[in-house]
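First chain A sits with chain B, and in the next complex the same chain sits with chain C.
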Partner chain A sequence: MTRDQIKSVILEIIGQIIPDEDLSNLKGDIPIREQVELDSMDFLDIIMELRKRYGIEVPENDYPKLATLDGSVAYLEPLMKNL
Partner chain B sequence: MDYEVLIIGAGMSGLAAGIRLAYYGKKVCIVEKHHRVGGLNSFYNRGGRRFDVGLHAMTNYVSANVRLAPLPKLLRQLKLKPEDFALCPQQMSIIKFPQKTLRFNNDFGFFVRDVIDNFPHQADNFQKLLRTVFEYDELNLYAKPVSAREVVCSTISDPILCDMIFCPLMFYGNAQENDMEFGQFVIMFKSIFCEGFARPRAGVRQILDVLVRKYKAYGGELKMRCAVKSLQCANGRVESVLLENGEIIRAEKVLSSAGYVETMKLLSDYDFSQLDSFAGQISFVECIFVLNRSPRDMGYNTTITFYNNSDRFYYRKPDKLVDVSSGVICCPNNFQFDQPLPEGMFRVTNLANFDLWNELSESEYKAQKAAWLEAILGEAVKFVPDFRDSIVYVDMFTPKTIQRFTDRVNGAVYGSPYKVKTGKTHLDNLFICGTDQGFLGIVGAMLSGISMANLHVLQKT
Partner chain C sequence: MTAHQSTDRRVVITGIGLTAPNGNNLTEFRQSLLQGKSGIRKVNVRYMGEVLAGLCDFDPLKYQKKKELRRGTRAGSIAIYCAREALADAKLDIGSIDRGRIGVYLGITEHGTVETENEIYEIKQYNYDIRYWSHHHNPRVVANNPAGEVTLNLGITGPHYTLGAACAGGNIGLIHGVQMLLLQEVDIALGGGVSESTGSFGIFAGFKNEGALAFHENPERACRPFDKDRNGVVVSEGGCIFVLERLSDALRRGAKIYGEVVGYAINSDATDFIFPNKERQVECMMLALKRAGISPGDIDIISTHGTGTVEGDAVECQAIKEVFGESPHACLNNTKSFIGHTMGAAGALELAGNLPSFEDHLVHPTINLDNLDPQCYLSNWVINKPRKVDKVDYILNNSFGMLGINSVVIVKRFAA
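Entry: the complex of A and B
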């Protein structure tokens, strides 16, 4: 997957968790949770959904690296490039 | 290994945990002792009628556009839609004391104004209490327990107002006698006063049916009439689970919703001597009256009445079989249903003493039930229209009944006063969820199952 594809996967997963939130203006460098109403349980679901769909394991200690959209893409790129 | 996770108990918390785990592909099994799901929030049939066990009202009701509150949170976590629970909001509830009456509905501003109208000298103090409540992080699993009596009574100087605030919060979810942990107070305050009451027209079955269907759809396994006999431990872990039917199940992790004391008693090598102090003492009798006319036709539109008849409100195990000086009167008809319920009904709940009920002989037990039913009725009709000539059916359950059907020590519906908020036990792979983890009520129980499944299983693998 390319960076753009990874980004749209993440947005799609967030959209599934909070369907009535507008994600089109989400900024890449600001923590996602500061821009949309997403609590820690919802955040966990993003990570769980990545595992469910693509078998990606994100250790608990790495969760902070996925706080922003840019951070998530950078973190996931090596794990998803061959998908 | 037979399963990645074995869950003990198919109540609200066990089913919610199961849905989370099954959805994310865990091999999970729930074992339930009864032939019916629900645990402390189950249902039964009697005299051709269906009754809910515990449910008066579901707390935490918010309208569909609110997102960051416990109810929408749990719906998202369980991949459910708000309409799945088919919740209908309450009409009006009251707290009735000899000195004052407070009213509340699902509009928090209404309650705040009613408190200030009734206690004008406490207006500033009440606002101060609200700030303390809203600033407190009640979901912090590592917070030190604080006495709610101390916090509330040091803020509000009128003891009657203190008691009136505590009354519904204690009746609907407090395992501790006389006091309440402040975090629990905040949870209950928000769930009852800031959010509110609602009920599915079909009662608790609506919720349970949705949960069971969802759990099975995600591939979860549910074994009914399957009691756990003991947990076999070695090297600080649960090695296997022995069922009453002789079957042995191995699971990487065990999540128990049976209660803390109740779970420890399943351990093959546990020292029981220290357990007694953990056992809860708060239990209730409940009388259910079916009527041949609707309470509304009697001019009664209140959903729930919390009453207290004495100078102060005492929430504790009574020194007699039942304490009728305070209680809760629920009218299941008085929710905003699109179609009225087929029959009128009142449910009256009072504090009761398990030990005293338990030591009665069979004939004494029957006689005492009949006598207390009259006493409870006599007290209840001081607060609601006298419905005694309209009763067509009565059912009554005692702490002994609760203990028999739920296996809770002392019939303590709210479990141990000491909550295990992190869900951890002294065994590496055994965790507690549900009532004794500390989130109470139907919504609380489901959130407990969800949080513990997240914390101890999903985040760890």
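Entry: the complex of A and C
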């Protein structure tokens, strides 16, 4: 997957988890939770979806790296580039 | 709980919110009951295949965001819908009342079965790897979930919990609300019951393997309490929540009053897991009548519990016969014949559907009662068509459940 594809996947997953929110103006460098209503249980849904869809296991210590959209793409790129 | 008591010792119903397989508010529900409209159909249930059931078609997005729906449970959605509808019906503006003085008390038959089955089904797709078990599982299955979801949705900060009372749950949620009002614990009680049991294959399979799951080629004819050819229960979902207030408060704000809860009783058979006990049902009805300060001849409508099982229906009729005689003054009817067994919601829904009789003097019928079982003989069944009567002053509502829990509620036409 390319970076753009990974970004699309992340946005699609977030959109599924918080379907009432408008994600069209989500800034890549600002923590997602500061821009939309996404709590810790929702965040765990993102982790679960990555596990279910792609078999990606994100260790708890790495959760902060997924705080922003840009950070998520950077973190997931090596894990998803061959998908 | 009688007229001579002061108005702050009397409790009245001032709002009703409901969803049933044949109506999403009291007007629709009542119309269906008067017109003989069933809500039973064929549905597919995991592992079971095609079964008969009653499902509700209210719009959950009327009062919930999509995210709330994803997070919560079906029982929670039903409860939120009913609570919101009940408060609107009571003309209570949630924004202008003390939400710390509202209590939410919901009867349930069971809760968590659906969610647990769903999770096990989900991890089965992943070879039972528990890393795929949802972190939402515990808040979904805690027993207070349906009532708790109501408080989250409405910002209610008073007490909330459910009352696990098998199929007597709906009556018992209402009774508990009355008790909390009389104890001055709250000023407004949201009392009633909910059920999401149609989401569980286990509930259907349990009844089937017990030989108590109804079947008929025509789904609308399947639930036939007291009929000779009855062959079991039709599982349904539903909910009904009453707004309950002390009469003093209701009068002060000029509320519409559906009726006054003048008597109730709860007792236990202490004899069997599933088979009912006539003597305890008799005692329960007698205790409710005593607390209401009335005699059996004062009751105008007996809303029966009858689920369509061979044994249960016969025992209830024998109990009614012992209390009211073979030819009671009271008309008898049954709501499950229309909507199936809404489990934790049943007692509340069945009472609600009868309350308009105070004003329209019509008693809704029991449908599918083509050949009355001689064991269920009572002279005053209202069968297949509504009956016009001169007056309705008292309604008695039976609701019984597994493990031998019995409940009776008596509501009186309100007279100041």
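Basically, the second predicted complex is superposed on the first by the 83 of 83 C-alpha atoms of A that agree within 3 Å, B and C clash if a C-alpha of one lies under 4 Å from a C-alpha of the other, contacts with A are read in each partner's own complex, and residues count from 1 in each chain.
As a convention for this text, a contact is a pair of C-beta atoms (placed from the backbone, for glycine too) under 8 Å apart; a residue touches a chain by one contact, two chains touch by 3 or more.
Keep in mind the model is a prediction, meaning the values are calculated, not measured.
A.B. asks: When the two structures are overlaid on chain A, which partner does A:Lys52 contact: first (chain B), second (chain C), both, or neither?
C.D. replies: both
A.B. asks: Tell me which partner A:Glu60 touches in the superposition: chain B (first), chain C (second), both or neither.
C.D. replies: Touch status of A:Glu60: first partner only.
A.B. asks: Report for A:Leu83: first if it touches chain B alone, second if chain C alone, otherwise both or neither.
C.D. replies: In the superposition, A:Leu83 contacts neither chain B nor chain C.
A.B. asks: Please report the chain A residues shared by its interface with chain B and its interface with chain C.
C.D. replies: In chain A, positions 17-18, 37, 41-42, 44-45, 48, 51-52 sit in both the chain B and chain C interfaces.
A.B. asks: Of all residues in chain C, which touch chain A in the complex?
C.D. replies: 65-67, 70-71, 126, 131-132, 134-136
A.B. asks: Provide the residue numbers of chain B that touch chain A in the complex, in ascending order.
C.D. replies: Contact set of chain B toward chain A: 23-25, 67-68, 73, 76-77, 450-451, 454, 458-461.
A.B. asks: Enumerate the contact residues on chain A facing chain C in the complex.
C.D. replies: 17-20, 37, 41-42, 44-45, 48, 51-52
A.B. asks: So in the complex, the part of chain A that touches chain B is made up of which residues?
C.D. replies: Against chain B, the touching part of chain A is residues 17-18, 37, 39, 41-42, 44-45, 48, 51-52, 57, 60.
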